[in-house]
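What follows is subunit A paired twice: with subunit B in the first complex and subunit C in the second.
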Partner chain A sequence: MGKILKQIRYTPAKIERGYSNKSLYINVGDLRIEEKEVTEFMKEKFVGGKGFDLWYLWNAVTPETRWDSPENEIVMSVGPLGGITQYSGTGKTLVCAISPLTGIPIDSNAGGYFGPLLKFAGWDALELQGKAEKDLIIFIDGNEGLISIEEGEEYPEDTHLLAEELTARFAGSEEDKVHVSVVSSGSAARHVLMGMLNFSFYDPRRKTVRVKQAARGGLGTILRDKHIKALVVKFKGIKPNLNNPADIAAINRIGVKYHKEMHDLDEKQNGMRKIGTANTILVMNKYDLLPTRNFQTGGDPDAVKISPEVFINQYLTQGLHDGCWYGCTMSCAKAADHFKLLTGPYAGQCVTVDGPEYECAAGLGSNLGIFDPQAILEQNFYCDTYGIDLISYATTVAFIMECYEREQIRPEHTGGLDLRFGNATASLELLHQMSRGEGFGVLAGLGIRRLKQVFVERFGADPKLLEDIGMENKGLEYSEYLHKESLAQQGGFALTNKGPQHDEAWLIFMDMVNNQIPTFEDKAYALYYYPMFRTWFGLCGLCKLPWNDIVPADNYKTDTPAKVPEHVQNYVDIFNAVTGKKIDQDELIRQSERVYNFQRVFNIRMGSGLRKHDKAPYRSLGPVTAEEYLSRQERYDKQLRELQGLDPAVMSLDEKIAATRAYREKQFELLTDAVYKRRGWTEDGVPTPEHLKEIGMDLPMLLEVVEKHL
Partner chain B sequence: MKVLAHKQEICTGCRECELACSQAFFKTDDRLKSAIRINNNFNTFHATMCTQCGECIDMCTAHAIYRDKNGVVRIDKKKCVGCLGCVGFCSELSMFYSDDQLVPFKCIACSICVKACPENALEILVSKA
Partner chain C sequence: MISVNTHEQPWREGLNVQALLDEMGFIFRHIIVRVNGEYVPEEAYAARLIADGDDVQVMHLIAGG
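For the complex of A and B:
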């Protein structure tokens, strides 16, 4: 146990209708610990979760703040519905900060028990500001009403060791381990910009600490830059009424109905309880959506080697509850137990690997040309314990591998690492370098936006090619879906607040497979409705998967099956049952719109958030190279004929690629116009004062920012 | 294993068992707080109660359900977080809840209803399984 540097006692606030109405501020630089009031204004305009995070963050920073400025904050909040136990997916913690990768606010969310336990310890939100000189552990005991800050130098850095040790220490007994949750990163987070946060929960059946990640945007890098080694919260006594809801009977009724649906239908639908999100690997492959070798193609015959059945039969421990918060009967948080590591500092040891989730199998698998489940799980483990966002890592390494194969970078630049597609050994060594802070790994950890500049300026790479194939937007790496044939999803990735991440909009099937949104107006509406609807989960502390990874048996009969109307109504009813308010489905969207537009204006305030920042790399929109075009020649030729009235038979390959590009880039611009209009923004992507007024966000602080861009 | 069994052919549907159960566990004459429910289907009486199959044990998200030394499936009220997942997942529809209780409830084969049944239509079966 390290030396106690500061310790205070507090009286945990009673939760009233989902809110403790208090937030906790900790400055790790001067060790100030303060309590703040959560105001009615905050609840009205920002609801909670990501809304509270962004509000506090705005007030903490200036336009000059950079990710490593002491005033940058990590803010986390679970939201008013967070911590209820009767409905699936109610334990998400939302985390915001100014991102090292993008320079604008990032929001990322994680399962695990931290957020709910934090709220039940009396805190709707937690702000972490300042920078310590030495590593710290922050501990919040919600039963005792105790906050302590102690030296943390002696603890290991990697999460699988650190979280296990801290859980054991602060629990005090095996039985109490489930009452402790740890937030930590890992040894690589000090060396890379894509460091992530692990949120733990104890799994009493496996007798080990499990972790879920707030992975995107470099939050772990900030945690370690602040010299915070870990946050620990302890709260014992979880019951279904801790939120002191207005109408617990309604929550019970909706919860039981939903659990029954899960019991009756999951096996017939997505099998989330059996395999989790990785169920989709072969589906994606079938529809040419599985990103392969840096998003060049949408699948590979070898994908069968990383099919769900391979993981189920050879690696995952099945048949057990695997939720990352109580009451989640979707239970998609799968794990491989007794997994023997073959490389790195823990080679030879048997560990539990959380996953693989779909993003992991696609990112660390097909997108790197690696079709080896052992290698995928080993990379998965090391990304987690080292504190590396595996999506940014995978997409960055995919970019590096393509640069390497196209001889834009050479062995002398990579320190001899033969970073060809498929070389799992090289990828694992890159991860170990990130942990050690050595070699090419540290450079790779900068992420694609900075690497493009380094490769061009220092290694003489072709800037145009790198702009085209580097799958980043706003500085954030794309998540793992090939989407060249879905214009709506191109917008779903690029026309986002934080950068290209599928949690704002996932429209590929609706757009490309089911053709439910054929016109620009349809797509624009989808890129209005879904990002707003999905934002709402982040305001309330909810997981999105229970919304549409299972649907009622008669969902197909509804007017809008893609929206899953019955589940939307569940959320409206649960919100009202917890908070005692009377929102409807329109007000739900409006609640999100307020925060979504706030975040957009926040981006503009930080020097981003305009049309030029929403530009997509051409690899996102269409075939960059001759090989890409030729691999799907029949499709692209047909499009030239049918969409442009051209005759591919009389065109050279270069002409066909150029004509395809011109058409697709134009389509993207037209889509952008339509989406901005639908969202109430100018042609440059700026929310208009009229729109801000209409949604009740004509706050002077926002108007001051947008008026400079009208 | 102990399990409550119901003889449909002699049950008259008087529902004394329900009252005995709710009185024993909740001190109330409220059939909605009974762990056995008698349903009238055209004057044939069907009983819904736990078969002690144990499917709920593995699915419990709080690891609060277990089988005791008599083979009876029990809920550890201290561990239970009241998620009601077991209610939705019970294939027999025999895990019950009440809005004024924080945890669900079920038949634990205690035999109170057996003694209360005027027709001897209920019995506790004991097997080694």
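For the complex of A and C:
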């Protein structure tokens, strides 16, 4: 145990209708610990979760703030519905900060117990500001009403060791371990910009600590820059009525119906309880959506080697409850137990690997040309324990591998690492270098936006090629879906607030396969409704997966089955039952719209958030290279004939690639026009004062920002 | 010809829903099939014949991520 630097006592606030109405501010620079009131204004305009995070962050920073400025904050909040135990997916913690990768607010979310336990300890939100000189551990005891800050130099950095040690120490006994949750990063987060946060929960059946990640945007990098080694919260006494909801009977009734759906239908639908999100690996491969070798193509015959069945039959423990918060019958947080590591500092040890989720298998697998499940799980483990966002890592390494194979970088630049597609050994060594803070791994940890500049300026790479194949937007790396044939999803990734992460909108099936949204107006509506609807999960502390990875048996009878109307109504009813308010489905969207536009204006305030910042790399829109075109030549030739009235038979390959590019880039611009119009923004992507007024967000602080850009 | 998700597809005598799904590569399990607006339950895929000129909708449900 390290030296106690600060300790205070507090009286935990009683939760009323989902809110403790208090938030906690900790400055690790001067060790200030303060309590703030959560106001009615905050609840009305921002609801909670990501909304509260962004509100506090706005007030903490200035346009000059950078990710490593002391005033940058890590803010986390679970939202008013967070912590209920009667419905699936109700334990999400939302985290925001100014991102090292993008320079604008990032929002990322994680399961695990931290957020709900923090609220039940009396805090709707937690702000972490300042920078300490030495590593700290922050501990919040919600039963004793105690907050302490102590030195943390003696603890290990890597999460699988650190979280186990802190859980054991602060629990005090085996039975109390489930009442402790730890937030930590890992040894690599001090050396890379893509560091992530692990949120723990103790699994009493496996007798081990499990982790879920708030992975995107470099939050772990900020945590370690502040010299926070870990946050620990302890609260004993979880029960269904802790949110003190207005109508617990309604929540119970909705929950019982939902759990029956899950029990009866999951096996027939997505099989989330067997394999989790990785159920879609072969589906994505079949539909040409599985990103392969830096998003060049959408699949590979070798994908069968990393099929869901391979993971289920050879690695993932079946039959255990895998919910990452109480009451989640979706139970999709799968794990590979007794997994023997073959490389790195823990080689030879057997560990539990949380995963693989779909993004892991696609990113660390096919997108790197690696079709070896052992290698995927080993990279998964090391990304987690070292504190590395595996999506940014995978997409960055995919970019590096393509640069290497196209001789834009050479062995003398990589320290001799042979970074060809498929070389899992080289990828693992890169991860270990990130952990040690040495070699090419540190350079790779800068992410694609900065690497493009380094490769051009220092290694003489072709800037145009790198702009085309570097899969980043706003500085954030794309998540793992090939989407060249879905114009709507091109917007779903690029016309976003934080950057290309699929949690705003995933429209590929609706657009490319179902052909449900053929016009620009249809796509623009989808890129209005779904991002707004999905933002709402982040305001309330909810997981998106229970919304549509299982649907009611009679969902097909509805007019809008893609929206899963019964589940949308469940959320409205649960919100009303917890808070005592009376919102409807329209107001749900409006609640999100307020925060979504606030975040857009926040981006503008930080020097981003305009049309030029929403530009997509051409690899996102269409075939960059001759190999890509030729790999799907029949499709592209057909499009030239049918969409442009051209005759590919009389065109050279270069002419066909150029014509395809001109057409697709124009389509993207037209889509952008339609989406901005639908969202109430100017042609430059700026929310108009009229729109801000219409949604109740004509706050002087926002108007002052947008008026400079009208 | 038939229409599948508004795109024209060749038709042949004896074509049923299951065969169409197989030929289209629609392996995703979470789908809703309608022929001329009429819902076809999964257990009827093999028996439900598709006639020339039919309008088939195969709605893939996941909205992902």
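By our rule, the second predicted complex is superposed on the first by the 710 of 710 C-alpha atoms of A that agree within 3 Å, B and C clash if a C-alpha of one lies under 4 Å from a C-alpha of the other, contacts with A are read in each partner's own complex, and residues count from 1 in each chain.
The rule is short, and it goes like this: contacts are C-beta pairs under 8 Å (C-beta built on N, C-alpha and C of every residue); 3 or more make two chains touch, one makes a residue touch a chain.
Keep in mind it's a predicted model, so treat the numbers as computed, not measured.
The superposed arrangement places subunit B and subunit C next to each other on subunit A without a clash. In the superposed model, A:205 lies in contact with subunit B only, and not with subunit C.
Look at A:255: by the touch rule set out above, it reaches subunit B but stays clear of subunit C.
The superposition places the C-alpha centres of subunit B and subunit C at an angle of 70 degrees about the C-alpha centre of subunit A, rounded in steps of 10.
Of the two partner chains, subunit B is the only one touched by A:326; subunit C is not. Of the two partner chains placed by the overlay, neither subunit B nor subunit C lies in contact with A:31.
In the superposition on chain A, A:506 makes contact with subunit C only, while subunit B stays out of contact range.
Once the two complexes are laid over each other on the shared chain, residue contacts for A:269 go to subunit C alone; subunit B is not touched. Annotation: superposed on chain A, subunit B and subunit C show a minimal Cα-Cα gap of 21 Å. Within the complex formed with subunit C, the subunit A residues making contact are 268-270, 280, 282-283, 286-287, 479, 481, 502-503, 506-510, 513-516, 518, 530, 544, 548-549, 551, 555-557, 561-562.
Considering their complex, residues 5-7, 25-30, 32, 39, 57-65 of subunit C touch subunit A.
Residue ranges on subunit A touching subunit B, taken from their complex, read 85-86, 204-205, 238-241, 248-249, 252, 255-263, 319-321, 323, 326-329, 331. Put simply, subunit B touches subunit A in their complex at residues 58-63, 81-85, 87-89, 91, 97, 99, 102.
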